[in-house]
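Below is one structure, written out as C-alpha cells; comments come after it.
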Amino acid sequence: QTTIKIATISPLSGGQSNLGTQIRNGAQLAVNEYAPQFKKLGFNLQLVPYDDQADPATGTAAARKIAADNQILAVVGTLNSGVAIPASAALAPSNLVMISPANTANQVTDRGLANMNRIVARDDSQGPAGANFIMDNLKAKKVYVLNDKTAYGEGLAAEVEKALKAKGVTISGSEGTEEKSDFSSIVAKIKLTRPDAIYFGGIYNQIGVFIKQLRGAGITTPVVGGDGLDSSELPTIVGKAGANNIYYTTVAAPLEALPAAKTFAASFQKTFNNPAQGFGAFGYDAATVTLKGLLEAIRANGNKAPTRKMVQDTIRKGTYKGLLSGEVSFNSVGDRKAATLYVMNIKDGKAVLETSLPVKPPKN
Amino acid sequence: MTVANPAKPAVRPPTVQPDRTFWLMLFFIVSSVLLLVSHSPEMLRNLGPLGDVLRNKVIEALVVSLFLANVLFAYLWKAANWAKLIVGLGSLLFVLPLAGQTDTSLLDLSIQIMIFAALALGLNIVVGLAGLLDLGYVAFFAVGAYTWGIFASPRFGEVLRYYGENPGSTGAGTLAIGLVLTAVTAGSMVYIKGLQARVAPTRLSDRSFLLAGIGLLAGIILVARSIVVLSSGSAEALANGISPGFFWLFLALSIMAAAVVGLLIGLPVLKLKGDYLAIITLGLGEVIRVLANNLDLYTAGSQGITPVGSASVPWFNSLAGTLGFRPDQYNLLFLYMLVLVMIAVVLLVNVRLDQSRIGRAWIAIRDDEIAAQAMGVPLMQTKLIAFATGASFAGVMGMIFAAKQTFISPESFNLLQSILVLSMVVLGGMGSFSGVILGAAVVTLLNLRILPGLGEASANVSWIPQEVNPANYNRFIFGSILVAMMLLRPEGLLPNKRRTRELHHGEDQEDESEDGNAGGLKAGGDVYSAGLATIKEDDRPGGSR
Amino acid sequence: MSSPTPSAHLAKDGPGGTPMLELSDIHSYYDHIHALKGISLTAHEGEIVALIGGNGAGKTTTLRTVSGMMKPRHGTLTYLGQDIAGKPAHQTMQMGMSHVPEGRRIFPQLTVRENLEVGAYTLTDRKLIEERVQEGFAYFPRLKERENQLGGTMSGGEQQMLAIARALMVNPRLLLLDEPSMGLSPLFVEAIFDIIVKLNREHNTTVLLVEQNANMALAIAHRAYVLQTGEMKLSGRASDIAKDESVRKAYLGDE
Amino acid sequence: MIKTTIHPGPAAPASAGSILEVSGLTKEFGGLTAVNSVTMNVPERSIVSVIGPNGAGKTTFFNMITGIYAPTHGSIHLAGRSLVGLRPDQVTEAGIARTFQNIRLFSSMTSEENIMVGRNSRLKSTFVDAVLRTRRFHESEHEAREAARIMLDFVGLSRWRNEIATNLPYGDQRKLEIARALATTPKLILLDEPAAGMNPRETEDLKALIRRVRDELGVTVCLIEHDMRLVMTLSEYITVLDYGSKISEGLPHQVRNDPAVMEAYLGRGAAAGEYGKEEKPNV
Amino acid sequence: MELSVLLPFIVNVIVGGLILGFVYAIIALGYTMVYGVLQLINFAHSEVFITGAVVGFEIFRILQDSPMNGYLKLLLALMSAMVVSGLLNVLIERLAYRPLRGAPRLVPLITAIGVSLILQDVLRFLEGLQGRFDLTYTLPAGFGNKFCAAEGSSCAPLGNFLRSVGVDVQLKDVILVVVALVSLTVLNYVVNRTRLGKAIRAVSQDRVTAGLMGIDSNRMISATFLIGGALGGVSGVLFGIKFGTVNAYSGFDPGIIAFTAAVLGGIGSIPGAVLGGLLLGVIQNLIGVMNIFGDLLGIDNLGTIDASYSKIGPFIVLVLILIFKPTGLLGKSNVEKV
C-alpha cells in the first residue's frame, strides 16, 4: 500500500496554538473520515501536522521540509497570513498545493501563485461586507475602527475603513493595539467620541476581553468584527451580561444551522475532548476540499498516485459541494469563486444568523 | 569524619588525544552516504524496509544532525589537517549542496543555522566578551532586513510615489541645505575629535560633539529626503524595487545601518550597568519592532514587505544549472554559499578581535569596569565598539534573511527571537566561538528539524493521542532540553577555556562567589549587588558627624 | 595602653583536656590546587593559637576549612567533640564559632548597624542584640559615628573594624580571625590585640589567629603553628616559635 | 635596552619641580567631608607617602586624583596639565597609574593578560588593524607581550605568567597589580596600601621593589601605608591626613615627632624613633 | 470639546492606569524579590503568576454555584493561589536554579526561560484536558458592579462623589487596589523590619558571608521564592478578576512590563517597584490617548500616537529616566567604593 500524506501548517504551540490546533484537529477529522475511501483505492492516508509557531521563518522552514517529502501531496494551512505568504512561496516550486482555511489577507492570492488557494473570503470582500452591514443594518454614521496590529486584523480593518470612508461614514477613531488585557484607555476614548458602532479587526480572545470591558463601562455600542470572531468561546469571554450586539462576518454557516455541522461538532468534541470552533470547521472544510481533490486526481490518474502538479491543477479546477461553508470552487488565483458571507449576531450569548450576502473575489 | 575518598592527584594528567583521522574520515563517509541516501527518494524506494526506517522523520532529523556533527568533529578531533580540510569543506561545499538538490529544505535549514550562528557570534561579543547583557539584539537583525527589504521590493516604489505626491517644501534647495549641513557638521565633528586628541576633552567639547552629531543626522535626513523626492519621478520604473545589482552595495549598507543604529542605541544606554542595560535593550528591541509595525509607509506595517528581491548572479546560476540544480534552487544555493562566506568572515573578525587589544579590553571591562578604566581602557568607546560590531553582524544577516524569505514582517523580530539567540550563546558556551556556533546549530536543528520530526513521526502512531502529540508541545520539549542542558553543562557545550576556569574554580567551596565574581556579568572584586533596598529616609551615604 | 602579654592565668601551652578544635591530616583543594597537604592542628578551650606563614601558605584556607566555607577532601575535623567536616558554615556558626574572613566581606548595601544586627542573626533576644551592638560601638567609636552609613562605602580600615565587631556580636566560643590587623592604623592594631586578649581573658574565648604581623601575634598567643606551602612546618609555644631562628628569618623580617 | 621601549628610565635627571600639584582638594559625601581642602605637591622622581588614621580620606584622595571620584572643589595638575574632569582612562593616559586597596585584578585573565591590558592604552593598533592583522597590529601585540614579560620579570612573578591572576597568593597579587600599573608607562604611580597582607619579610622585598620602580624606571611613587616601618624608611616626604584635613607634612623624622601625628595616628605608645628602625617585637 | 467631557475622560484614563499599575506593581514585586536575592531575572515568574490566575479561576469556577459569600470566595482563591504559586516557585528554585548556584548569571537566566516555556505548555495541557484554553473568570455576584452605586447604601456618598468627578470604577477595581496595598505593606514590613528580611538582604549581597553569620542561605532563598511566588499568586488572581480572561501565555507581556516597572523603580527596591508599576500603568494609558490630545491641540504628529504605541511607552520612559537616573527612581545610587 502506498502512503499518501497531507500536511497541516499552523501554530500548535504558543499563544495562537488554540486556533492552530483547531485547524489541525479539523483536518484530522476530515482525514479520519476519508481514510477508508483512500484505503479502498489502495492508499494509506495520513495527516502530518507541522507547528509554525505563528512565525514566518519557522513556517517557511516547515514548508521547505514538507516540499522535500514526496509522500506529501497537499498542505492545509496556515492560520496567519504572515506565514502563508512565504510558506506558499516556498511550496510553489514543487507544485505543492496549499489550501488555506484562515488566511484572508489580499496578498495571499494576489501574488497569483498556482498552488495557493483559500476557502475563506478575502479581506477586501469581508471588509466591505462588514462596512455595508454597519451602514445599512446598524445605520451607523460614526464608527470607531480598531485592529490588533497583525497582518490579518490590520488588513481587514483597513478594508473596512476604506469602504466606510467611501460611503461618507465618519471614522471617529482608528488605531491598532497589541494589548490583550487592559483596554481602559481605548474604552475611555470610545466613551469620549461616542461612535455609533465599533469595528474591531482581530481575534476573539482579544476582542472578547475588550467587549467585556466596554460593556463593563456601560457602553452598549454594537461591535462588529470579521471571521476572527467566529468562535464559540466569544460569548463566554464577554460574559452573559455583555454578550449582546456583537456581529461578525464569516463564510461558515452557523454550526447549528446545518445538520452536517452538528455531526461535525459532535465528533470533534468526542475525538478531541474540545469544543469545535469556527477555525475547526474551516480546517475541516479545507482538508475536505483537499481530500476530494486528491481523490479526483487519483481517479483521473487511473487510481495511481498522482503527481503534485496534478493535484495542484485538479484542486484549482474542481468544484466541491456539501461543505460546512457551502460550495467551494476557486478562481484563477485561488480565491474562492463565490461564497456566502454570513453576518452573525451574538444575542444573549448565542450566535444567530443576522443576514447573509454573496461575495465574489475581484478576479474571476 | 574521615573523608573516605583519597586525595585526588594534584595535577590532572594531560589527556593526550589519540589521532582520529581514520574515524573522522569513516564518520564523514558514513554520515554523508546516510544523508544522501535518506534524502534521495529513488534510493529510499530501492532500500525496502531500511528505506522506511530512514524515512522516519526522527531518524531523518538524526541523520542530518549526525552529518552536521562531521564539521564539529573535524574541528574538535585530533586528526590530520588534510582530513579535517576534506571533511570540513567536503561536507559544506559538496555533500550538503548535493543533498540540498533533492531536498531543498536542507539548504534552507543550513542557511537558517548559519544566520543564527552569525547572530550568536555577534551577540557573543556583546554578552560573552564584553559582558553586556543585550536582550534586544534582534532589533539589529531587523534593521538589516528592512534596509534591504524596503529598497528591493515594491515598497520602494510606494515610498517614492508617496513623496512624489507629498513633496512638502522639499526640492533642490533642501538638498543643498542638507548637503551643506552634513558637510559642516561632519567637518566640525572631525575637528573636535582632533582637538580632543591634543587638548583634554572638556564637557563643552563633548557637548559640541554631540550637537554636531545631531546636526549631521539632520543633514543626512534632509539629503535623503530630498533625494527621494527628487527621484520620485522614477517611482514607476522602480515599482519592483531597485535592481538586484545593488545587492552587494547593500551588503555593506546593511552592515553600516545596523552599526549606526547600534551606536545610536548604545550611546545613551551603555552607561547603565548589568540588568538595567538588559531591560532597556529589551525595551528598545521592542521599540524597533513596534516602529516597524507602525511606519506603514516604509515597512508596510504588519502586512509585511513582499516580494523582497535577491541578488541575481548569472554566472553562478549557470554554474548551478550545469551542476543539476533546478532554477528555483539557484537563489537558495547562492544564499547558502554567500552565508558560508559571510560566516567565515564573521568568525574571522571575531577571532581576530578577540585576540587583540580590543578583545582584552572587552574582557577587562567584563571582569572589573573600574580597574579596567584605571588601566586606561575607555569604557564607553570599548562598549560601543562591542555593541556596533555585534550589531553589524546582525545587520548583514538580516539582509540575507530578507533575501531568503522574500517576505519580512515585524513578527519575525520579536523578543522571543532575541531570547532564542541568547540561549544559543549560553548553551554553546559564552565567549567560545565554536561553542556559540554549535549552540546555534543545536537550537536551530532542534526547532526546525528534530522537534517537527518528532511531531511528524508520532502523528500517526495510534497509541499517541493527538492531544499529547509532541508537535503540540514544542515549547515544553524545547524548554526541557534547555533546562536539562544548562543543568548538565552549565559552562556550555564547548566552553571557553577562560570560563571553565572560572566555573570550576572550587568544587570544594561552598560557593563560587567566594571570589567575589560568581556572576558572569558581575564586576570582580567586592560584590556589589542591588540587594533589597531599605526605605529608611535617612540612609543616604554619609554619617552623622 | 598596656603592652599586650599572654594571659597569665593560663598555662603557656594552654589548658589540657580534650581539645576544642582538632584538625588532623586535613587536605583541602581549590579545584586542582592542593592548598592544604595534610595539616593537623589543635586548639584547647581558652587558648589563643596563632597561625603564621608566608603568602599562599594556606592560612586562610585553614580557617575556611574550619568554619565550613570549604570542604576538606580528606582528613578529620572535630569541634566540641563533633565531627564538622563538610558541615556548611551556617551550621558550624550556630555551634558558637565566628569567622572574620579575609577581605572583610562587609555587606555593602546594609548599613553599619544592619551589618552588626545580621552578625547577631543566631540571637533572637532583641535586648541582648542591642547590648552587643552598643558593645561593638564601644570598641570602635567610628562605627557609632557611622551607624547609618552603607557598609560598602566605609573606608578599608573602617570595614575591618566593622568585620571584627560583627564577628563579636554572638560572643563566640571559637573566634577565627584572618589578618584582623590588615589595613588598620597603628593605633587600632594595638586596640585589636587588646580586644583579643580581653575577650580571651574575660570570656575564655578560644582564638585561632592568622596574622602577618607575626611579632604581635606571637606576643599574645599561647601556642603557634607555622605553615608553609600547605604543610605544617613547626608548632609549639608561641614564645618558642618567636625565638626560632628560621621563623625570624622567614617571616619576621630579621636578617 | 628593551626596557626603554616600555619605560624611559631615569634618563633625565630629576628636576626640582613637582610632577603632581594638588591644591584645595575637597570631597563631600552627603554631609560628610571625606577630604577637606588638601594641598600637596609631589616632587618629580620622589617617593612620598600619605598616611593617616582609618577613614582619614586617603583612598578618597587617590580616587579623586585618578578620576574615579569627581572632586567637590580643588585642582589637580600633572606636569602642568589639569586633570579635573578627566575620566579615569584619560588620567591613566596622562600618566598616572594606580593600585587598589582592595585588589582589583581581572579575574578571568592570566597574570600576563592582566599586564597586557595595562599596556592597552599605549598601543597604536586600531580596530581595523586587528581585523586585517596589519603590521602595526603585530607590532602592538609584540609590544604588549614584551611589556608583560618585562614587568613580570621586574616584580619577580615570571613563574606565574600563565596562572589566573586571582589564584595567586595575596602578596603576589599586590605585586601583579603594581606590574599592571607600571605597564601603562606612568609618570606617577599611586599605591594604596601595597604592603597590606604581607609579612615583615615580604614587606622588605616590597620596599626594595618600590625603590627600584623609582630608581630604575624613573617613576614617581606616592603611597598610602599603615606599616610605619615601611613608610618611615622608604618615603622622602610624608603628608598626614586626619578627618580629611592635612594635619602635618614633612620629612619622615619631622612627621614622626609631630605630637599631632602621634596623638591622632601613631598612638601614645609610639615614642619617637620606635618606628623606622629595626623594630624589635614588643613582647 | 468642552471641559466637562474632557475632564472625566482624563481622570478615567489616569485612574485606569493606576489600577493597571497596581497589577504591574504587585507582579513586579515577585521579580524584584527574586532579583534581589539571586540577581536573576526570573523569566518564569510570568508563568508563576499566571498559575495563580489559573488557580483562582478554578476556585471561582468550583464555587460558582455555592452560596458562599463572595469575599470568602475571594479569600479562598487568593489563599490557594498564594500557596500553589508560592510552592511552585520554591520547587522551580530547587530544581532549576539551586544546582546552578555557582554558574555565571546568564545560565540560570536561560533555565528560567526554559522553565517559563515548560510551564506555559504544562498549564495549557492541564486546562486543555478539560477542553479549555481561554479561562474566563466567573466572579461572585456584585464584583462587576459599579463601586458604591446602590443608592442608600452606606458608601453611596463615596460612590456618588467618585462618579461626580468622573471616576468610573467597579467594585472589583477597589478590591484589587485594597488587596494590592495590603500585600505591599505586609511585604515591606517583612523585608525591612524583620529578622527574616534582614537575613534575606544579607544573603542577597553575599551568600558566603551570610553563611558565616549563621544564616542558611538556601533556606533564605527558598523563603524569598515562597514570598515572591505567593505575591505572584495574588497578582494572578487580581489579574484574572480585573481582566476576566487569561490563558497559559497571557503572563508574558504583563510580566515584561512588570519587570520594566521594577527596573524603573530601581531593582531591588520595594517602594520603587510600586512607584514604577503605577507610573508605567498611567504612562501606558496616557500614551494610548495621545492622539486625542493631538486632535484637540491640532498637533498632527501627536495624532499618530495611539494605542499601538502604548506598549512601548513604558520602555521609552524607562530610557529617558535611566539616562538621568541610572539606578532607577528609588534605586540606591551605587557609589562603588574602590
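Observations on the structure shown:
Each chain carries a letter (A, B, C, D and E) given by its place in the written order, and its residues are counted from 1.
One rule holds in what follows: a residue touches a chain if its C-beta (ideal position, glycine included) is under 8 Å from a C-beta of that chain, and two chains touch if they have at least 3 such contacts.
Quick caveat: nothing in here was measured; it's all calculated off a predicted structure.
Chains that count as touching both chain A and chain E, per the definition above, are B. Farthest chain from chain C, judged by C-alpha centroids: A. Relative to chain E, the chain whose mean Cα position lies farthest away is D. The busiest chain interface, judged by C-beta pairs in contact, is B-E. The chain occupying the central position, as judged from C-alpha centroids, is B.
Look at where the CA atoms of chain A average out and do the same for chain C: the two points lie 75 Å apart.
A straight line joining the Cα centres of chain B and chain E is 32 Å long.
For this pair, chain C with chain E, the centres built from the Cα atoms lie 46 Å apart.
Chain D has its Cα centroid 74 Å from the Cα centroid of chain A. Counting partner chains per residue, chain A has residues 13-14, 17, 149, 176, 178, 272-273 touching two or more of them. Multi-chain contact residues of chain E (touching two or more other chains): 121, 128-129, 201, 205-206, 208, 211, 217, 308, 311, 332, 335-338.
Counting only residues that touch two or more partner chains, chain B has 290, 293-294, 370, 467, 473, 475, 499, 502, 505, 510, 514, 516, 526-531, 533-534, 536, 541-545. Chain contact summary for the complex, chain D toward chain C: residues 29, 52-56, 58-60, 101-102, 167-172, 193, 196-204, 226, 228, 265-270, 275, 279, 281-283.
Listed in rising order, the residues of chain C touching chain E in the complex are 67-69, 88-91, 93-94, 98-99, 101, 105, 107-110, 114, 117-119, 121-122, 124, 150, 152-155, 166, 170.
Looking at the complex, you find that chain E touches chain B at residues 32-33, 35-37, 39, 41, 96, 99-111, 113-118, 120-122, 125, 128-129, 188, 191-192, 197, 200-201, 204-208, 211, 217, 256, 259-260, 263, 266-272, 304, 308-309, 311-312, 314-316, 318-319, 322-323, 326-328, 330-332, 334-338. Considering their complex, residues 200-203, 348-349, 352-353, 356-361, 363-364, 366-368, 370-379, 385, 498-499, 501-502, 515-517, 524-526, 540-545 of chain B touch chain D.
Residues of chain A that touch chain E in their complex: 13-15, 17-18, 149, 173, 175-182, 184-189, 191-192, 205, 208-209, 212-213, 216-218, 233, 236-237, 239, 241, 269, 272-275.
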